[in-house]
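The letters A, B, C and D name the chains in turn, as written, and every chain counts its residues from 1.
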Amino acid sequence: MKRDYRRTPVLLLAGLAIICFGALLMSQKVSAAAEGKITGTVKLEGAAPHMRGIDMSKDPYCVKQHENSPAHLENVVVGSGGGLENVVLYLSQGLPPAAANEVASGEPVFDQKGCMYTPHVLAMDINQKYKVITSDQTTHNIHPLPNPLTGNIPWNESQPPGAPPLIKSWKAEEVAIPVKCNIHPWMHGYFVVVKGPYGTTDTNGSYTISGVPPGSYTVTAWQEEYPAQTQKVTVTAGAPATADFTFKAK
Amino acid sequence: MHDMSTEAVHHHAPPTGFIRKYIFSTDHKVIGKQYYGLGLVAVFTGMVLSWLMRLHLGWTSLAIPGLHFLSSTGAPGNVMTPEYYLQLMTMHATIMVFFVLTVAPFAAFGNFFLPIQVGAEDMPFPHINMMSFWVTFVAFLVLISSFFLGDGPALSGWTGYAPLSAVGGVAGPGQGLGQVLWAASLAIFCVGQLLGSLNFIPTTLDMRAKGMTLSRMPLNVWGWFITSCMALTAFAVLMPACILLILDHVAGTSFFVPSNLVINDQLQPHAGGSTLLWQHLFWFFGHPEVYIAIVPAMGIVSHVLIANIRRPLLSYKVIIACMFSIAFLSYMVYGHHMFVSGMNPFSSLVFSFPTLIITIPATLIVLIWIGSLYGSRLRINSASLFALGFISMFVAGGVSGFFLAQPSIDIMLHATYFVVGHFHLVMAVAAIFGIFTGTYFWFPKMFGRMMNETLGKIHFWLTFVGAYCIFMPFHYLGLAGNVRRYQAFVGYMEPLIPIHKFITVAALITGAAQFIFLYNLIHSRFWGKIAPENPWECTSLEWTVPSPPPYDNFGGRHPVVYHDPYQYGVESENGADYIMQDSTETPKEA
Amino acid sequence: MAKIFAVTLILIAIGSAIPIIWHIWEPPADISTHGALIDEQMSETMAEAGLSFLAAQFVLAIFVWIFSNRPKGAKIGHFPGGATAMVLAGFLLVGTEVIALGIFGSRAWASVYFQPPAADAMPIQVQAGQFAFYFRYPGPDGKFGPMHPNLINEANLNFFGLDYNESATKDDIVTAEMAIPVNREVHLLMHSKDLGHSFYVPELRIQQDFVPGLDLSVHFTATKIGKYEIVCTQLCGLGHYNMRAYLYVYSQQDFDDWLKKEAALQ
Amino acid sequence: MATTVHEPPQIERRLPELGGSGNGGRNLPPSGGRLRGVRDFSPPPSSTALWVGLAAITMTFIAFTSALIVRQGASMDWRHINLPRVLYLNTVVLLASSVTFEVFRRSFQKKRDALDPGTLSHSQRSAAWLYATLLLGISFVVGQYVAWLRLSADGFYLATNPSSSFFYVLTAAHALHVLGGIGGLLYVIRRFGQSQLRPTALGVASRYWHFVDILWLYLLWLLWAKL
């Protein structure tokens, strides 16, 4: 009898190990299937709106950070060749549940640098955890204000210099959650919480959504100032599909 | 001595069984001890909070090992966040003002000694008395529980100014449930203290022994009586204020929240409330509260001082008159907390004069105390040392009132550390010295054992010098324009940080000294020298009964009083220099 | 023990007084026209308070020294005059003292608060919010455009909720730092968008709360060119300690240049 | 207790009013060490306590009143509600309950003066008056609840308007005090049933009841009036 009791934990552990291993294999299978990707560029048509300069004089530290690179609002950032930065592209329709529930790897990082948010817009998968860090020598408070109806819970914590990163996640999809710092009222950005693969445009306005399983989708491009746009895209294994978007300046 | 009151009448037999005897006891003495215990727990909690705050103020980025166990969000990596500092500050103030300064000198000693000193067997309503303690205890639990909330306890200061305290979580951490619990705790506390007054006043008026006329009550009884009258009116105003605040929070009413508030770019739903209304209601309670803390201490100090200078005070009536006028004026001066709150500038002046005038009775009391020392036979012991220390502290804190009473100067000093220094000396430290005085003086009567005098004196010296080292510099900081309720000092306040470091060190040492007191308390309670009936050779009734007193205080007899409370410096038949209140012999001037 | 107490007490009293007497820490130099009266009042009060403090502590110390631990037989003395004299003295001394303070104090107070701002005082609006001050200058037309709370949006730096299509608003200048010309009276219109805050400039001898839902105003004249700090003294949340702005007192010329520069940035 | 005492032993014996050991205030010190009979004018603690309690309650409602006045003057958003009619009915009910209580007290007093306290015969009549009071008291509270329903039916909820906020707060606060009075009344009924009812207890209960009654009249005026 006694012996059996002794053995039970060993057996349990073994079982657990097997299950884990199996799960691992499964997950690899899934990601192996998702090899297609969507690429493209997002442009702004017309004159980019004037982005006001930010006066940070309330906090001398912030001023010092921008002595030779004056800070501006980042609501609309147009790069070389009219490329629109900080546009988030995600699959709003057609994603198979398996892929939708797949846990994306990696932790998107939201940095507070020179009393600005980098990136200005942080896209993440609903299943991802995201990390808030600070590179500043002044205290910030991070205060996302999600829509109460989505079930996401607002939070408000400050992060003194050198404090460990805050690791958080959201309950529900939401496009987009504004985030601000009350100590530095000009600091503001967005969390874009989506299901499945997503991409964010770089300074040239080009983006890549990788890990898209073959199939036909609706891609939505979200920009904080302009109404969102959608396109139908069909992804086949191997060949990357392209979808370009153009926003019209107001 | 007690020949004419031999017949024993037991109205209620002492309860048997632990619960009825020590926990849900209706005996005013047990309740008094319970209050004292509550005060003790609260004061050490508050003190530890102040340590954490002081450390943070001295060394803002200091990692305090293990702090994140207290609050993972409040101290990521053991470094205190701004919100956590403010939360600790709020809790420190609330705990100290309500559960120490109100509970210990008034509820604790009052419960234990008021009935004995007027020659009553118990309070008239023992069950209400018991309820008053347990309600207060619940209030304490509610307050402490807010420590364990996700975003921590309230952070809007012990004054809980609206709208910060009324708009809810959108205003920042701790402004949600934490603030509600804070207000609820205060409302419950008010109920507890009202129940207390419900007993104190009838005891003083109707339960006095034969011959114990009003003019024969010890001064501390007067102190408690006046205090309960104040508590009656003050707490009865705070309670509705807290209820309205809670409604603004949870029911979306707009008593204190005005229209068109935009917090975090969100237009608030409230409309039309008045933020000054909260300030008026709060300070109408808040200023009397200051005297609720100090008047009992005044009474206790007078009582102990007289016993140790072996002569009556120059005037017994003046002290009482002054305590009464202080209590009365305290309702007409509350506006001096709001000089910069946008009141009509004329009303600032209207509030300024009574505030200045209230220094007259306060000064008179001090003059009587000091003048009575003249030609006395002052005995030095822990109790009398703390009594003398009280006078010194009360003066030191009182004079800074001259500044804050004047709106023109208040412009400069309002919300600076000058104010913090002022009320810590005159209200907190002074009242706590009163508590120490009472403890060293009455401990033998309460527990039947003597406290260790040597430890007591060491405790006094460290506390006395320490308190000055902590709170005097506060005034200098204030003069230099150092704003209070800041978790870190940037800009023009940065040069002042060294003073803060000094204060922090002083605070750590002084706080550590309190553990000597705690040790003395616990050790003496169990292993102290057995106390005689009247160790200090005092006259009042509590010293005519065994230490500790029996269940019905007088062992069935009904004391009869023949003398004024303070027959010291006389020649009694048995060669003593004092005559007990219930002795029949007629005093001869020594 | 008693003698130690007396000595300690006297040392403490002197020690507490020294920083005051040597002016080690004191309010920063006054730069306002109304501040002189306040400072005068302050020093008067300091003298009276200081004297009563020292007197009380010294007498207490001396009495403790003399009258402690006397033998049991020692004669109980009585304070000359007894209670009556003492009460009278207390009443007269303290009474006159505080009444005098009150009267002079109210003079100083009146000089700050009982005069309306001059007709040509320069209007500046200050918007307080968690956790920063922002300032608005009316621009050439001398008129402030109306504020629309629903338009307040810090993300677009619209701290006042302005609608720039409105004529009065078009030329308004919003700044993060406050600048004023020297020797020119300023009429500061105070508005809080969210909570209670306070406007405190020690050098200006000005402290006034922002009361939400109640727009107050203060007026003052700065007499000394320089850079000063505006801090918040009304607990307003976690960033309270860092709610500040800078006040620049410029010569008229510099001020005009500054205003032009800021206008260009709008 | 306002009774005349002739000899010391009796002083002690007549005392048992919840463990008081003195007969209070105005006593003169016995001269020459011999207890002379002295008159005792001091009221029983319970009645003092009552006044203390009433003072506290009054302060509370003064605070509410000042809040109401300030709030009403503070802003333009005060929409005066016209009170549900049922309130006036409730008022009558409450007044009636006071009358019945008083009737009982008087009759009880008469009886007590007549007979020895020990053998109080409690005829149905007196008890009936008590029960009537109880019934009226309860129906008042129910009536207040009905008033709330009426008001919410008209779309006035707690947060709708400062006027309705104050209406709910004040009526709720008052109803709580009435419930307290009902508690006291139940105590009186019990003691009366055991024929152990002390006149002081009855006096306190009835005086409290009348106070709550007057308080209600004041609140009614406060809610009705446009200040």
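Convention: a residue touches a chain if its C-beta (ideal position, glycine included) is under 8 Å from a C-beta of that chain, and two chains touch if they have at least 3 such contacts.
None of the values given here were measured: they were computed from a predicted structure.
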Where are there more C-beta contacts: A-C or B-D? B-D
Express in whole angstrom the distance between the two chain centres, defined as the mean CA positions of chain A and chain C. 47
Please work out the Cα centroid separation of chain A and chain D, and write it as a whole number of Å. 65
Distance from chain D to chain B - Cα centre to Cα centre, in angstrom: 32
Centroid from C-alpha atoms only, then distance chain A to chain B, rounded to Å. What do you get? 54
Residue numbers in chain D touching 2 or more other chains? 75
Which parts of chain A, given as residue numbers and ranges, touch two or more other chains? 139, 141, 156, 158, 178, 180, 182
Going by residue number, chain B touches two or more other chains at 81-83, 172-173, 258-259, 264-265, 272-274, 276, 488
Per the touch rule above, enumerate the chain pairs that touch, sorted by label. A-B, A-C, B-C, B-D
Touching residues (chain side chain A, partner chain C) in the complex: 52-59, 73, 75, 138-139, 141, 156, 158, 178, 180, 182-186, 188
Given the complex, residues on chain A that touch chain B span 139, 141, 143, 145, 154-164, 166, 178, 180, 182
Which stretch or stretches of chain B touch chain A in the complex? 61, 73, 76-77, 79-83, 151, 169-170, 172-173, 264-266, 488
Residues of chain C touching chain B in their complex? 1-2, 5, 8-9, 12, 15-16, 19-20, 24-28, 37-38, 41-42, 45-46, 48-50, 52-53, 56-57, 59-60, 63-64, 67-72, 74-79, 82-83, 86-87, 89-91, 94-95, 98-99, 101-102, 105-106, 108-110, 112-114, 129-130, 149-150, 152-155, 161, 193-196, 198, 200, 202, 205-209, 211-214, 216, 229, 231-242, 244
Of all residues in chain B, which touch chain D in the complex? 3-4, 7, 9, 11-12, 118-122, 124-126, 194, 197-199, 201-203, 205-214, 232-233, 235-237, 239-241, 243-244, 247, 251-255, 258-259, 271-274, 276-277, 280-281, 284, 552-554, 558-562, 584
